[in-house]
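Some structures are shown below for you to check.
Each of the next two complexes has subunit A plus one other chain: subunit B in the first, subunit C in the second.
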Partner chain A sequence: MFARLAFAICLLSSVALAGASHAADLNVTVRDKAGKPVRDVVVTVDVAGAGPARPGGTYQVVQQQMKFDPFILVVPVGAEVSFPNKDVVRHHVYSFSPTKAFELKLYGREQAPRTVKFDKAGVVALGCNIHDSMVSFIKVVATPFAGKTDANGQVRLRGLPAGAATVKVWHPYQRAVANEIARPVTLGVQEVALAVGVDMRPAPDRDRAY
Partner chain B sequence: MIVKTPADLTALALGWMRFASLRTRLTVLYAGLFGAAMILVSLAVYGAISSNAERAVRDQLTVTAAVFDQVWDLRSGRLQDGAGLLSRDFGFRSAVASRDDETIGSALDNLKRRLNVDIAFMLDTNGAVIGDNAGQIQDAAQRMAVNLDEQIASGVLTLGQASYQAIAAPILSPTLNGWVVFARRLDQGEMRALESLSAIPIQATVLHKEPKGWLSSSGPLKVTRSTDITSVIDTSLDEQAKARATPQIKIKDGYGQSVAMVKSLRTLDGGAPAVLLLRYPLSMAMEAYRPLLSAVLITGLLGIALVVLGSWALARSVTRPLLALGEAVRRLQAGERSHATVDTRDEIGILAQGFNEMADEIAEREARILRQAMHDSETGLLNRPAYVDIIDKLPTQTDAGQLVAVSIGIDRFEHVRGAIGYGPATALVGEVGRRAAALAVDGAVARLATSMLGITMRAASEAEAQARLHHALNALDAPCDINGGMVDVHLTIGLAMMGVHADDVSLLIERGGIALGQARAARQKIAAFDATTYGDPVANLSLMSEMALAMEDGSLDLFYQPKLDLRSRKVDACEALARWRHPVRGMLPPDLFIPMAEETGHIRALTDWVLARAIADQAKMRAAGFDLAVSINVSGRLLGDMEFAERALEIAATAEGPLCFEITETAVIDNPRNALEVIDRFAAAGIAVSIDDYGSGLSSLAYLKQIKADELKIDKAFVLSLDSSAKDALLVRSTIDLAHSLGLKVTAEGVETEAGLQLLTAMGCDVAQGYLIARPAPLNVLLTFLAQEQTEDRRYG
Partner chain C sequence: MPIGVTAAFLLALALAQTPAPAHAQVDLFSRDTLSAFAEARLTAANGEKSWIDGGQGKTAASGAGDDFKIRPSLAEADIIWKPSFGWNLGATVVGQYQPAQPRTFGVGEAFVTYRPTPTGPLRQQIRAGIFWPPVSQEHSGPTWAVTDSITPSAINSWIGEEVKVAGAEYSFNRTFESGQELGGTIGLFGLNDTYATLLTFRGWALHDLKSTHGGDFPLRAMTPFMRNRQAPLTTPLLELDDKVGWYARVDWRPIGNVMLNALYYDNAGNPTAVTGTVASEKQWGWDTRFWNVGGSVKISDQWRIKGQALKGVTLMGIMTPQIWIDVEYQSAYVMLSRSFGDRVLSGRVDYFETTDNTWKAVDNNAEHGMALMAAWRQPINAHVQWLLEAQQVLSTRSDRRRSGVAPTQNQTVISSALRVSF
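Take a look at the complex of A and B:
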């Protein structure tokens, strides 16, 4: 929550800094085929004239109660993410993702949190080598207009410049190439509401994987 | 009858009624019944065993199927362990993440050897294969990439014709990066290994579906043509889908009938479906019971053989005496002496004993009957048929000459019998027979009639035969000693010679008999058959049947002979006499056809006709102006016939003039009571009665007294010699006197001379009849005669 809030502030400040042209908000609602709102869907907007995303604040993925928290973390390119272990057991956090492959060998809560800097846009799948059921994703984005849906499947992207833009919708369990779909959108001065339907597959049951 | 095949048996069963012998029938019946019982027992045993075996098979198959599942899971678990281990290995995942194909390949190879799997490869999420990259894998890999997910999966993988037990373990790092796939070939060896785990001898086969049907790794399953394995499996799978159970089915394969189960196998790639076919051949299940079944079968066959032998022997023991009896009956039937040889003491033995006693009695009786049939019971001489038989068998002509049938008649036998009694008379016949035997060929003497014996001689000629008989006659004729008393014998002999008098034996014997009659008639001691005297009896007999016709067509006619009243010298009566002018034989004498009519009974019709005709003619005479009394001869045979008397009286009542019935005194003597009654009735009816032929036959003064006669006719034998014999004249005179004194009128017959007529007139005779007056003549001639007499006033004497 804290990380997200920080990121939002960061985004807002960047918009404020860009300042020049006055812009509208994009309100995206994501629903699955059954019409239920889908949370943790990452929405990014590629739009001409947008500056690069600037890392701001702290980003962290906590290991707590044998889970990664948050499940989905959206960070700008160049962000440093810390991985504090709050469980009594030790974890071995790793990523084989091409975006950022790393390995944080077994460490406990008594040890200082390890940090990893994500300097390339893309998806990083996180796992724990000890606990197969632990999984989470870090979406490293290059655009300053990015967010993830709340429990209502909604995300509001503010201060977008007018003009043609591409809205991208990503979720690790979305049935799509690279788990992502794109929607073209024309932004003006008015707030744009965009409803996106996604085809979701159930989260894999990792306990039954082997 | 030998039964070789079931078809024969069927034919036998169908033709049951046609079994010729009791033996076959009994044997087939017993053997058939026992055989049927054995077959039923065998079927029941077999049915019980096979249903038992089948149930056991089904139970075991179900159990085995469950075991199979476990074994299958166990094996797949081992693969799974290996694949899972590799897919989770951090280093391996690292290699996968970095797409270090070399490392991946070597890791797979390493594990492949260690786990002894046939195929091991890595499949990425795009369907690309790393490692074991057999050509056939590519298609399956594409399907797997779509079909698989983050979960470990096991199933059958069909590559080409080969089926594999395969496992796909996801590589999660932590997102899905691909799968580690291990596959073990489900080849024969593998299947045998699986089978060996089963408690029962099961046949396990993995089949996969291809467009042309279900195939095993080694090609089409070997099943019989009648079982289409594809449809069997499809049907079973359909049923499983519906019933959610695994039904057991029956198929026919190389092992015969099998109980089978089809278990659908998950496929790893979602490709061609695969099944595991578990089969348990019933023959193998039945193997354990084979000794028992063999024992039942052998026992049954031995039993049938024993029953066949036993019932054959029993039937034989029953039928052998029956056959012996049958043979004895056949012999008896054929007229042979017959005895059935049956040793048994049972019912058949008693029957045979009874039969033998019966056969003996029949033989004895037959002999007795034969003797009775051939011999005269009183004298013991041969009877006629036996005699004819014997003579018939002799050659007609030998060196000794022709056969001569000799009939020896004992004269006046009835008188002799009346004198000495029946028994001695018969003994006399027997004695004569014994004497005659010396003359006879083969000593054959027959009693041909009560007092007639027959023998047969051989002689070269009739004369020789007569001469020999004459010579023998002295010995034959000698008085016989009957019961100590001497009895005179007088014999007459007739003979007939073969080839001369007859051509066959029975006719010869008959003619010998006739010759005897002819000899007696001619008052000769010995005479040969005389064909001329004999005439033709057969023709005579037919004459009688012609008589009725003759009465109608006029060939039988009445002639009338006038009777002259010697006092008035007038013809005032006539006698009606029958005359028969036969169209072929000419004029027949009354002496021929009257006695014949008397003997055959035709005399009644003849007399009726004569009476009616005479009455009619009398009416004609009357019409012509002549009132004549008409005399009619009534045979002595008819005098006792009341029926005739009634009818004669009826007819006579129609007469217009006086009638007279001429009868002989002999007729009255024969049957006096009836005859006298009838004569009384005639007299009462006004019919005159005349005693005809007086003096020629037997004349009884006693009866003469009783007969209510009007007239007495003196026989012409006396009248003809009246003028030449003083004795006859004396007899006639005294007869006339006798008659007159009894109140009878006297008529003399046979008056042929004037002298005779004058004598008779002088003697006081009343009426004369004879050629001197007139011959018998037809009615018209009589009328002419009467008319002439009236006009000429004829005088006699």
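Take a look at the complex of A and C:
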């Protein structure tokens, strides 16, 4: 009797461990109310026990043609981001966001790019104190499962553990509390496709003379 | 190009070889502070002689009646100096060479700017010096270049030639959680007393000639009534009555892709103030006021529509028994643009009108007209842009009869421009 019970426990344990060890991909497609794909939407999945994202890698926000590039950058907590200026004019990059308030005072293309370490999860809105039309965002995430949608509104998050999870969908111009919505998802050993609809407000038109 | 201008360009290039000192708070002459701009143009125009050449034509191009007159030209060459005196304190000084003007070289804008680093959603700026007040939705950058076409609308042609200020301005802009933005600007200025001289004696025009400090524009088509009272030129930046003019502007972005603005401008001029002792030297104070409202809508990633409407009045001279000049003026334009990647196709419809309320029998400054414009803008590389523009201007001004010209004139101008900046 004891031997049978022990076998059952071992079997259940191995099934559970096998489930946890199987990794699946999550393919998220984001569309607006008109059905058009939305790019630059940040999709994150918080997984219990997954641990924080590793801050390795090279991250940068380039100032080029009087714009920040990329418009949205996703980085793990602890990442260092450089801000090279490739324009012929100087820029004065700043953020007053509580996640990371900083200021990179006037510098030009000939000067070494400045770097900033982002040590807290959240949203960092960037601006230039010389050129008001320049705006971009850094989304600092604490999970290794994060990405942003491409021009087709799609992002693929790889190697997610099976089980129930919450998918968070963020964009600076999404009509939602903190510009973010959440969707539950059950992940298995097969790839999961998730379609998310978002309510977007028009992006600010920054191409103006005055 | 005159030797002085050439020397200034060479000096700018030489100074621009100096790298900026690392982490410099004060940067006066590094390569980051100096840049240059030039525009070469090929123009084909029919119709009447231009106002700048002594006729009553509405554009800067003189035609040859029914035949097209083709003319290559260097439209403009600028040196831009943008030093910084601190992290938040800088300046912009633009030397502009415009060969079509009587005085070919002068200072375009010259102002200092203080912009504290935002610590929240409120952005603020103070600037002081010589600059164009925030009216035009078609100009941008330190050289105040027309963005999507070669020729600005009638409204912004006038702003460029006569409505430059020497003063100080405070502006702010605040972004709200909802995405709305609210901004405001208030300015006080001097050197403001001859505004609307050109607008009255010549009427509305469509061109990109810009006033420079110390420069003037010809008034060759004045009536005999005014020739006995006013010099045959006007100096746009001139102080005669020591009164301070003012303007105030409100900007509102109700949603991201819609921007609206309204500005009121009053130069507080004394219409009897005068300089000069003989008629050929006299320039008068003009009491000039106007409202300008503007808006733009980004319809989609490709389509954008914008427009402005301006309405005002100007008074000048002595009551004998009517005041010499009492002219109301109004104009509006709508411009639709379609982008194809980094190339832009634009179309604009312009309407303009002046109403003369006094002395019409001897000095009739009334007119009305409209203009159609189509423009193509295409970047060639990071430093060169190519523009092609076709413009049709139809206007009626009774005063043309004095010059033996029919009151109603129609002109077509086709222009191609290469803009180089480095």
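In this text, the second predicted complex is superposed on the first by the 185 of 210 C-alpha atoms of A that agree within 3 Å, B and C clash if a C-alpha of one lies under 4 Å from a C-alpha of the other, contacts with A are read in each partner's own complex, and residues count from 1 in each chain.
Here is the rule we use: contacts are C-beta pairs under 8 Å (C-beta built on N, C-alpha and C of every residue); 3 or more make two chains touch, one makes a residue touch a chain.
No experiment lies behind these values; they were computed from the predicted model shown.
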{"item": "Overlay on subunit A: subunit C relative to subunit B, clash or fit", "value": "clash"}
{"item": "Which of subunit B and subunit C A:Tyr59 touches, first, second, both or neither", "value": "neither"}
{"item": "Touching partner for A:Trp170 - first (subunit B), second (subunit C), both, neither", "value": "neither"}
{"item": "Partner chain in contact with A:Arg109 - subunit B first, subunit C second, else both or neither", "value": "second"}
{"item": "Subunit B versus subunit C as contact partner of A:Pro204, first or second or both or neither", "value": "both"}
{"item": "Which superposed partner A:Val88 touches (first subunit B, second subunit C, both, neither)", "value": "second"}
{"item": "Which of subunit B and subunit C A:Phe145 touches, first, second, both or neither", "value": "neither"}
{"item": "Of subunit B and subunit C, the chain that contacts the larger number of subunit A residues", "value": "C"}
{"item": "Partner chain in contact with A:Phe96 - subunit B first, subunit C second, else both or neither", "value": "both"}
{"item": "Partner chain(s) touched by A:Asn129 [first = subunit B, second = subunit C, both, neither]", "value": "both"}
{"item": "Location of subunit C clashes with subunit B - one stretch out of 19-27, 37-45, 145-153 or 181-189", "value": "181-189"}
{"item": "Common ground on subunit A, meaning residues reached by subunit C in one complex and by subunit B in the other", "value": "94, 96, 101, 127, 129, 132, 204-205, 208-210"}
{"item": "Complex contact set, residues of subunit A against subunit B", "value": "94, 96-98, 101, 125-129, 132, 134-135, 172, 204-206, 208-210"}
{"item": "Sites on subunit A touched by subunit C in the complex", "value": "65, 88-90, 92, 94, 96, 101, 103, 105-112, 127, 129-130, 132, 173, 201-205, 207-210"}
{"item": "Subunit C residues touching subunit A - in the complex, by the definition given at the top", "value": "19-20, 22-23, 25, 27, 30-32, 35, 82, 84, 87-88, 90, 115, 117-121, 123, 134-140, 147, 173, 179, 181, 251, 253, 255-259, 261, 296, 298, 304, 382, 422"}
{"item": "Complex contact set, residues of subunit B against subunit A", "value": "80, 84, 87-88, 90, 93-94, 96-98, 149-152, 169-170, 172-177"}
